[in-house]
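Across the two complexes that follow, chain A remains constant while its partner is chain B and subsequently chain C.
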Partner chain A sequence: MLFNSIIYFLFLGSSLLLYYIIPTKFRNYFLLIISGLFYMYVKVEYIFLILFIISINYLIGIKIEKAHDKKWQIFFLYLSVFVNVGILIFFKYWNFLLKNFFDFLGLIHLNNTDNIPLIAEVVLPIGLSYYIFQTIGYMIDIHRGSIKAEKNFAQFSLFTLFFPKLLVGPIERANHFLPQIKRNIHFDKQNITEGAKRIAWGLFKKLVVADRISIYHSTVIASSESQSGSTLLFASVLYTFQVYADFSGYTDIALGTAKMFGFDLMENFKRPLLAKNVSDFWRRWHISLSSWVNDYIFNPIVLKNRDWGIWGVFYGLIISFVVIGIWHGAAWNYVLFGLLQAFAIMYEFITRKTRKRISKKIHPVIYDQASVLLTFLFVTFSLIIFQSGTLSEAINIIKGIFLNHGDLFYDKPSTLLFMLIGCGIMLIVDIQAEFGRFKFSLFSNKNWIVQQVSYALLLIYILLAGVFDGGQFIYFSF
Partner chain B sequence: MDENTILKKVNSIFIEVLDDQSILLNEYTKAEDVEAWDSLNHIQMITAIEKHFKIRFELNELLNFTNVGDLCRGILKKLN
Partner chain C sequence: MRLVEKIKEKEIQIFLAKAFVFLAILVILDFLIGSILEYFYFKQESGLLYRTTYSLDSTHADFLVLGSSTANHHYDSKIFEKRLGMSTYNTGREANTIFYNYSIFQSVLKRYKPKIALLDFNVEEFKVSSDNYDRIASLLPYYKSHPEVHSIIQLKSPYEKYKLLSKIYPFNSLLFTIAIGTTDFNKSREQVNDENGYIPLTHVWQKNISIEANTVDYEVDSNKVNILKSFIEECKNAGIQLYIIISPRFIKYFGNDLSVELVRKIANKSDIPFYDYSKDTLFWKHREYFADKVHLNNTGAIIFSNKVIDTILQSKEYRRIRDENNLSIKIK
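So, the complex of A and B:
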């Protein structure tokens, strides 16, 4: 069920109505049932997989906590990681690993994957990468002693199944989400209005910005060899906005939906396009994943190897960003995307003192704006590799940007206008939230009428400029 | 050595490593309260603290510090 479909809003409306009608003590069970139905609507069979994952992790979590011996605690933690990562590898990476293994051995020519032994005909269950990571984090937290294992099976199940975050995150933390399940949630009008406003923003980002750019971008990329450098550059810059609008739009709808049910999910974005360097970008982009990798991979590796000095940091960065890269999918372009981020952050780490000295000699506004622009260009460049199916495709686009002379392609001026207005509104809202530059704000205006009229205009603009073809969210495929 | 003395020394190590004279820590200060205190600089600070106090933290201790107060109490525990 897509968040941008009519059926989703029918589901949401009727679920909300029933949720607040039934007695408080049954509400978590109700959420559990509708979350299960929501997942079954995607594909019925996958409910068995997720129930297996929930059950086994519920039991192992308690075992980790109850084991008095440190060795048994580590054994159960490794068992859990083995089971979870094993499931993820089977569904997401098995064919990729086999293909590369045989390719490496040079045994089989791989134009046709049918020739590879043991190849599995599986489709990645939507949301698997998100809830597996969430579960591993839960296990590590129990092992570290920072949380208690959840003993209530229904509540633990809801931690994984809660439908607003089930398919595309945010990857929640147990210490943030589980206490919310234990409260008695009462109807609060403010939760409904705040949630609805957040959903409206999400729809704007998805339907007006992301899906409109998507039409242009996919046309350009499909014929990238014949496109001019200016067109390829423009499409690549727009793609950065598209991915941001698509994923943060989805997150807005997820957070807005959760809010309506009285839950606060983790923020996943903090105005990433205004980041001043690549490290800063990763503190603002897909925060629930980047902070997960920071807490459970980077910090343990680097702290354990702190005697290695700078090499320990480099080692931790490479492992962490390769994980972030391949988390997106089983392909070499994602590995390269991750490595690029790691190298950029290494460079920033080595040059941090020099850059600080330089910054003192330049006007801060100019220095900051140049930093934002450079970071944006780096992210755009790395996203060319991210979006390309193969490395040669990425190289062709990059070569095309510099070598193909010609005019900018657009089918009609209105296409350009709608895309640019959408990106502009998104940027202005981010700039306002980051710096509070503009004295007059529309959506957070203290005057109730101005605020309501602004949201009404936003909805009208969505209806006028939105793309209503039910385009899938980019991050569904991860 | 008491916790307050440790806090003052930790503060001076933060100022040196992060190259920021304006840093003023208290026991509730968290990473997000200090602009340059990211995970990369965190490692440098831990190394500098261990070197100064001549102590060695276990990995689990380091991973469970949530604020400056935890860190100072951790140092005190090691010194005693």
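So, the complex of A and C:
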């Protein structure tokens, strides 16, 4: 069930109505049932896998907490990580690992077989990477003693199954989400209006910006060999806007939906296109994943290897970003994407004093804007690798940008106008939220009528310029 | 306790009232903006959208060309008029399939019966593709005025009739195209010929011929097959002579295409003349006839149009039409 489909809004409307009609004490059970139905709508069989993951982690979580012996605690933690990562590897990485292993054996002349035991047509259950990471985080938190294991099975199930965040996150933290489940949630008109506004904004990003660019970008990339350098560069720049609009638009719809049911999910984006450096970018981009990796991978590695000094930090960065890269998919281009981020942050770490010196000699506005532009260009460059199916494809696009001569292809004038207007509105809203440059605001205007007309016009513009047959969200493949 | 409940009840009432006002604003804006778009859409006098409206509402041509971009760029209507002595209109529209062609044909049948219909069929046309269903959107502006297109529009999605409650939705993504269409911009472009529908391509393909394998294992869309069968049946019932033609391509295929084989069978079974030029060696030898791998440029289109006419003139079906009808040229 796509978040931008009519069926989703029918589901949301009827669920909300029933949710606030039934007595408060049954509301969590109701949410659990509709979340299960929501997941089964994607594919019925998935429900068995997620129920298995919920059950086993529920039991192991309690075991970790109750184990008096530290060795047993660690044993249960490792057991949980083994089961969760094992499931993830089986569905997402098995074929990739095995193929590369046999390729490696072939390289050192140890393998003569073509019969690699790949799993035929293994389908990655949607959202698996998100809820597996969430569950692992929960287990580590219990082991660290920062949270208590959840004893109520229904509430623990809802922590994993809660439908707004089930498919594409955010990757929630137990200490943020579980206390919310334990409250009595009452109807609050503020939640409904705030949630609806967030959904409207998410739809704008998804339908007007991301899907519109997607039509152009996929056309250009499908024929990248015959496209001019200016076209490839333009498509690559637009792709950065596309991925941002797509993922953050989806997150807005997820957060808006959760809000309508009285829940606050983690913010996942904080205007990443205005980041002044790569470290800053990763504090603003897919925050629930980057902070998860920071808390459960980077910090423990740096702490464990603190004797190594700066090399411990670098080591932690490389491991963390390889995990972030490979989390997106079982392919080498994602690993390279992650490594690029790690090297960029290492470079920033090494040159921080020099950069500070330079910044004192340049006007702060110019320095800040140049920093934003450079960061944007780096992100755009690394996303060329991210989007390419193979490394050679990425190299061809990069080569094409510099070597292919010719005019800019922009399809029809209307395509160009729709894309630029969409990106422009999105950027203006981000700049306003970041710097508060404009005194007059439409969407948060104090005059109720101005605010309502603004949101009505936003919906009208979605009807006018949205792509209603844009297919799936890009992040669904992760 | 009762006071708290009263306050809550009032809050809900205010909330519902505000939601109602918001919906009212939305409906009014949708109606106003949608009406303006509708007015300007049908006020256009040139361009792509105008040609669709003209095909559906105005053409009275004896010879109708139906199909996608290959139809639109390959059949020079003026040559057909001159050599066959029949008024000709090219209804081809880019990226559309039998869904669009059938709708045009249905609307035409409501008004008059052309003598000949030429359907330009594409390699892999029967392949299941969601894009083909998305393209049905080009018929949405005609939903209210043309009940005959309803069944095709319903194929796009089961929710289409609900989406069409919005007055803006049929004109989704057309804002700038309508704006351009209402100016003289389209008319100023040399290649645009709204008079007979044919749009020539001027550039010349620079690459060598492609050699590609036909994918034979794709899933066939039964909707498309059934619609083609209905199209053939309705042509027969109305006494319209149908020709099905596959245009030349600058691609050498090895293997046979599933859709081409299927349409050949259907045509043979229904006794419909079917000509496949996709493997015509004359065109393979001349890169200068092509604008890209699948589209002829104007030079190629002139040669191809004459070739098609030669074939039609030699067919027994055409001789029958010539004998039965007193043909005259009717040009808009």
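One rule holds in what follows: the second predicted complex is superposed on the first by the 465 of 478 C-alpha atoms of A that agree within 3 Å, B and C clash if a C-alpha of one lies under 4 Å from a C-alpha of the other, contacts with A are read in each partner's own complex, and residues count from 1 in each chain.
Following the convention adopted for this analysis, a contact is a pair of C-beta atoms (placed from the backbone, for glycine too) under 8 Å apart; a residue touches a chain by one contact, two chains touch by 3 or more.
If you're wondering where the values come from, they're calculated on a predicted model, not measured in any experiment.
Asks: In the superposition on chain A, see if there is space for chain B and chain C together, and answer fit or clash.
Replies: After superposition on chain A, chain B vs chain C: fit, no clash.
Asks: Measure off the angle at the C-alpha centre of chain A toward the C-alpha centres of chain B and chain C in the combined model, and quote it in steps of 10°.
Replies: Placing chain A at the corner, the angle measures out to 160 degrees.
Asks: Per the contact definition in the header, classify A:K66: touching chain B only (first), chain C only (second), both, or neither.
Replies: After superposing on A, A:K66 lies clear of both chain B and chain C.
Asks: Mind telling me which of the two, chain B or chain C, contacts the most residues of chain A?
Replies: The larger set of chain A residues in touch belongs to C.
Asks: Should A:K151 be classified as contacting the first partner (chain B), the second (chain C), both, or neither?
Replies: A:K151 contacts neither chain B nor chain C.
Asks: Identify the partner contact of A:Q452: answer first if only chain B is touched, second if only chain C is, both if each is, neither if none is.
Replies: Touch status of A:Q452: second partner only.
Asks: Have a look at where A:P300 lands relative to chain B and chain C in the superposition and call it first, second, both or neither.
Replies: Once the two structures are laid over each other on A, A:P300 reaches chain B alone.
Asks: With both complexes superposed on chain A, which partner does A:L417 reach: first (chain B), second (chain C), both or neither?
Replies: second
Asks: Quick check on the superposed pair: does A:K43 touch chain B, chain C, both, or neither? Answer first, second, both or neither.
Replies: After superposing on A, A:K43 lies clear of both chain B and chain C.
Asks: Note down the smallest distance between any C-alpha of chain B and any C-alpha of chain C in the overlay, whole angstrom.
Replies: Superposed model gives a least chain B-chain C C-alpha distance of 37 Å.
Asks: Could you give the residue numbers on chain A that contact chain B in one complex and chain C in the other?
Replies: In chain A, no position sits in both the chain B and chain C interfaces.
Asks: Quick check on the complex: what are the chain B residues that touch chain A?
Replies: The contact residues of chain B facing chain A are 19, 38-40, 42-43, 46-47, 59-60, 62-64.
Asks: Chain A touches which residues of chain C in the complex?
Replies: It is residues 11-12, 14-15, 18, 21-22, 25-26, 29-30, 33, 130, 133-134, 137, 159, 162-163, 166, 168-169, 171-177, 180 of chain C that touch chain A.
Asks: Within the complex, which stretch of chain A touches chain C?
Replies: That would be residues 6-7, 187, 189, 192-193, 412-414, 417-418, 448, 452-453, 455-457, 459-460, 463-469, 471 of chain A.
Asks: Quick check on the complex: what are the chain A residues that touch chain B?
Replies: So the residues of chain A in touch with chain B come to 144-146, 279, 283, 294, 298-300, 302-304, 306, 309, 312-313, 345, 349, 353, 356.
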